[in-house]
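Below are two complexes that have subunit A in common, paired first with subunit B and then with subunit C.
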Partner chain A sequence: MKQDAATARQLGLVNCHDCRLLVETPQHAPGRCPRCGAHLHLRKPNSLARTWALVCAAVIFIIPANLLPMTITTTLGAKQADTILSGVIYFMQSGSWEIAMVIFIASVFVPFAKLSILIVLLLSVQFRSAWRPKDRTTLYRLTELVGRWSMVDIYVVTILVALVKLGAVAAIEAGPAAVYFAAVVVVTMFAAESFDPRLIWDVIEEDV
Partner chain B sequence: MAPNVTTSNQRRPVDAAGPWGSAGRCRPRVVACPDCDLLNRFPEEYRSTLLCARCGAVLYRRRPNSIDRSLALTFAALVLFLLSNSFPFLAMKSGGFIQETTLLTGIRELWKQGLQGLSLLVLLTCVLVPLAQMLGLLYILAPLKWGRRPAVGAARVFRLVQEVAPWGMMEVFMMGILVALVKLGHMATIVPGVSVYSFGALIFVMAAAFSCLDPHLLWDRLDLRQ
Partner chain C sequence: MTDRSQAEHHAATAKIQARRGFSIVWIVPIVALVIGGWLAFKAISEKGPTIAITFSSAEGLEAGKTKIKFKDVEIGQVETIALSDDASHVRVSAKMIKGSEPYLTDQTKFWVVRPRINGGSVSGLGTMFSGAYIGIDGSKKGNPALAFTGLETPPVVTVGQPGRHFTLHAETLGSLDVGAPVYYRQIQVGQVVSYGFDQDGKAVDVKIFIEAPHHTRITENTRFWNASGFDVSLNAQGLKVDTQSMISIVSGGIAFDVAKEGLPGEVAKENATFFLYADRNATQEKKYTVRNYWMLLFDESVRGLSIGAPVELYGIKLGEVVDLSLEFDLDKKKFQVPVVIAVAPERVSAAKREAALKMVESDPEAFMKVLVEQQGLRAQLQSANLLTGQLMVNMVFVPNAPKATLSRHGDYRVIPTTSGSFEKLQESLSRIITNMEKVPFDQIGAELQQTLKETRNTVNGFGGLAGKLDQETVPQVQATLVELQKTLVELQQSVGKDSPLNYNARKTLEELNQTLRSFRELADTLELRPQSVIFGKETKKNE
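Moving on, here comes the complex of A and B:
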């Protein structure tokens, strides 16, 4: 690190969350940003506790999201329930492996990867790890960026439900997993938003 | 040693057209990284981007002609958005029977099936949030473009636009359309409608409008302290 490097906190400044104005203010009671009116916080409030709570909720929701059926297809009276994974396997077998890839990455890989990354980040802050802070910050930015793409499956179900309703011939209904899966996506997005990556750096500075 | 920090109270004169452009009256000389809190100084020589020295976050990127470009692109996006929502994006033909769907009928169908929460989520992420973002940007940018005072509550509107940004998911919805297209291709004849093309254009125009925005410049102009 360069000689003159200092953080805003060390100099008694609060970085406005919304407009990035550096404000000189008593840090125990920061008040509002003079430029944009946002509430000022030195760090996101209760970041660790909130993120843990949301991550736990997502871990619970992800179980029914993967075990229960996502879509229920009726063709000529025969009902077939598909979970996320059975849908992926169906596409692999029917030869459209690119669709299988998209759904697998968006609906299985991304949510699990995102949750694992958040748990690793939380643990590393909680155990005051000094391990590769720059890479952990990059991981955090990645989870923020990539989480939204999990919504693909929800949209596919929306479109199928709207389009395929030919009465007894063919109809698709959304299964119960759709709700749980949507909950996983929304809750992990909130979790990523409530985690404050500056904590990764704070614990290192405090320990040095 | 601590850097010499320029805080909110110190301003540069109007004619101080430094290497970082002349747009701002109080262009900050030091910014704190939102990801690691390190203070980064704007170097004297011109650069098009400023990355955090410690964690690599993008702190500043030059956006030439920011207000004009984002305003034009947001107008275009609004037109494409209206187009996308008034025409069907997919039609399914099977045995002389045609089933068309627009974004809104899909949402209504989910609601009728008893999945109100899900249908609200889709409504929010694909219709309301993008619409709010576009209208919000127009509201902020139009007065600035024509040299008026910032609109009433513009700072609050811009904060809102920034905060809802992660929840606008039109590009993800576009991906969903493509997947559904292939998925149903096995079962019936699928005809992509007008709205698929306008939607496809919309996500690029919308992304361009946002990447032309210069938040530093806008916050400078929308300053509540004026």
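Moving on, here comes the complex of A and C:
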């Protein structure tokens, strides 16, 4: 980005989020889009507060998601409850380390990484840091990209529950952690959505 | 510049609206917090105690998997399995659910439930499917405890089971084992719980448990006997085979009944002690607890007298010979035979038996002294069996006996003896000879001849009877015995070690085991690779 190029804000313009119409409007109170009627925002409204709230919720949900059992397997009358991590360890010990890796990355690494990135971004904006804005934007893009994939575990559980219904021989049920895990994924997706990456650049713009 | 003016020109004017206030998005983390807090509270409030159990081996146990079940209800799970410091046993640490605390006392028993085939029973078959689990027999009695020693075999009787425990005192264990049945009129009413040596290791104490309501059948006069195997008896009524059940032949058993004489008496209390007789017949013999020892000094041959020979008074057994030896008396310069006898005063019945017994027991010496000095009680050797020449000790009252009293020899009081019946025989013989002269022999001779003739007829008749006995009855008895032997051999063949029945049973069990194993493998595969249901079994690349 060239430093001398003007931004919409500097020109007193607002880009409609829905129909992308450039609207000239007072920046403290942008109203509605004259073309499509959408609410106009210079930046996403309450972006920081919303993202903080959703991130907090995700942090709380991730605890039961990892401590409670994800799947309950019944094999020949023996019940076996597995949390995400115990499943990973089980697959690693039984030799299928590829599956273990997939589950670990999708269900443990990605959600934690996403939450950490969001917290770092939020803190950096909150404290008006000018540190490496480009890298931080890359991180943000990464969270958006990777977000949908963390649902892999939920898909696996759903498919297993539907597939393995062999009566007394073997049956798999979803454990209570599945709900919390799904909540973590959904809430972090909303959190990533409500974060406005332009906030990263606003600090640099104002400093110039 | 032109760009900017164009943008200004084309930019539309927005409709102005008031800004919103508080963001309702904060409800989301609040809800999350409430749910999280509730979960945490639940987890903390449902946390049960952690206990430690030691076993000699962890066979079949798996950390994080093996369950602890009380009456088949899951109340805990094994957390860790570790060796003890000296590696002599295994320490299992388990997490119990909340509410299990009242059952965790020092009376509580733990054991590993595995498939077991024992004597007449098969148990724990369910664990072939699901793997071993730890069974618990919770007891609310006793002090709370968190460390336990696991049993190697499941307890026969659970704590809550109504009934009563008894101790049986036996000379040998026989073929009894833990779990062996206890029968009353051939119906099983209890089991052997444990056995061990008694305090000084000279006998065996067998602990049994009689289930309610049959425990009230055990009274003071109940006699227990070892009903292991079968008894064969041949008597005037014929051949009789007595057994309780097939199981008792294999794994032993105990039976009981009320003694023939007398009333049942009061119901026996918990842990009452009884004597375990070797067989049913032995229960009919009375058991005598009081024995008085006396010595007899003989200066004649005791050839034919052995230890265990009876001591009789008026032909009724009073006691037995317990010791005999030969010794030389230095003062009198002669040999003598000291014989020690044991007399059981309880064998004597009396109108006021209890009082009489008390008197005898309190001072047997004084009692015996009266008998010896005033009534002339003496001991003499008498032939017990003319054919074998066995001797026994006979106590006699000699009215005109020379005065004698109880003397002391070593540790024993000595009852005076009188000469045996041989000397008496000589006296009688001389008397007979003097009387013989008066006998009218010719008349007797004629009558004798007549008698002999008749006798011969009678003997001939006897001969016919004997022949009949020989021809008919004996072969039948023999045939019966041969049949019995055959039956026993067949029984041995059909249930013995290498019999087809046994082989088939073993084979079936093996096959069942294999089937279950493959079943288990299928389940494992499904658990490990559920995709194989759809995609089939994957083959490993490096194979």
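Assorted remarks:
Rule of thumb we're sticking to: the second predicted complex is superposed on the first by the 195 of 208 C-alpha atoms of A that agree within 3 Å, B and C clash if a C-alpha of one lies under 4 Å from a C-alpha of the other, contacts with A are read in each partner's own complex, and residues count from 1 in each chain.
Just so it is clear, a residue touches a chain if its C-beta (ideal position, glycine included) is under 8 Å from a C-beta of that chain, and two chains touch if they have at least 3 such contacts.
Treat the numbers as computed from the prediction; the structure is a model and nothing was measured.
When the two complexes are overlaid on subunit A, subunit B and subunit C occupy overlapping space and clash.
Of the two partner chains placed by the overlay, only subunit B lies in contact with A:Trp201; subunit C stays clear of it.
Of the two partner chains, subunit C is the only one touched by A:Val187; subunit B is not. When both complexes are overlaid on chain A, the residue A:Met151 reaches subunit B alone and has no touch with subunit C. Contacts of A:Ala78 after superposition: subunit C is touched, whereas subunit B is not reached.
Within the superposed three-chain model, A:Ala53 lies in touch with subunit C and out of touch with subunit B [touch as defined at top].
In the overlay built on the shared chain, the residue A:Leu40 is in contact with subunit C alone; subunit B does not reach it. Set side by side, subunit B and subunit C differ in how many residues of subunit A they touch, and the one touching more is B.
By the document's definition of touching, of the two partners only subunit B reaches A:Ala174; subunit C does not. In the superposition on chain A, A:Val23 makes contact with both subunit B and subunit C.
By the touch criterion stated above, A:Val88 is placed in contact with neither subunit B nor subunit C. Put simply, of the subunit B stretches 3-11, 39-47, 111-119 or 165-173, the part that bumps into subunit C is 3-11.
Shared contact residues of subunit A, touching subunit B in one structure and subunit C in the other: 6, 11, 13, 21-24, 34-35, 94, 96, 160, 163-164, 166, 169-170.
Interface of subunit A with subunit B (complex): residues 1-11, 13, 15, 17-24, 34-38, 91, 94, 96, 98-99, 102-103, 106, 133-134, 137-138, 140-141, 144, 148-149, 151-156, 158-166, 169-170, 173-174, 178-179, 182, 186, 189, 193, 197-198, 200-202. For subunit B in complex with subunit A, the residues that touch the partner chain are 1-3, 5, 7-9, 28, 30-32, 34-39, 53-57, 90, 92, 94-95, 97, 99, 101, 105-107, 109-110, 113, 115, 117-119, 121-122, 125-126, 155-156, 158-159, 162-163, 166-167, 169, 172-173, 175-177, 179-180, 182-184, 186-187, 215-216, 219, 222-225. Residues of subunit C touching subunit A in their complex: 4, 7-8, 10-20, 23, 25-26, 28-29, 31-33, 35-36, 39, 43, 64-65, 126, 129-131, 519-520, 522-524, 526-530, 533-534. Chain contact summary for the complex, subunit A toward subunit C: residues 6, 11, 13-14, 21-26, 29-35, 39-40, 45-46, 49-50, 53-54, 56-58, 60-61, 63-64, 67-68, 73, 75-78, 80, 86, 94, 96, 160, 163-164, 166, 169-170, 172, 183, 187, 194.
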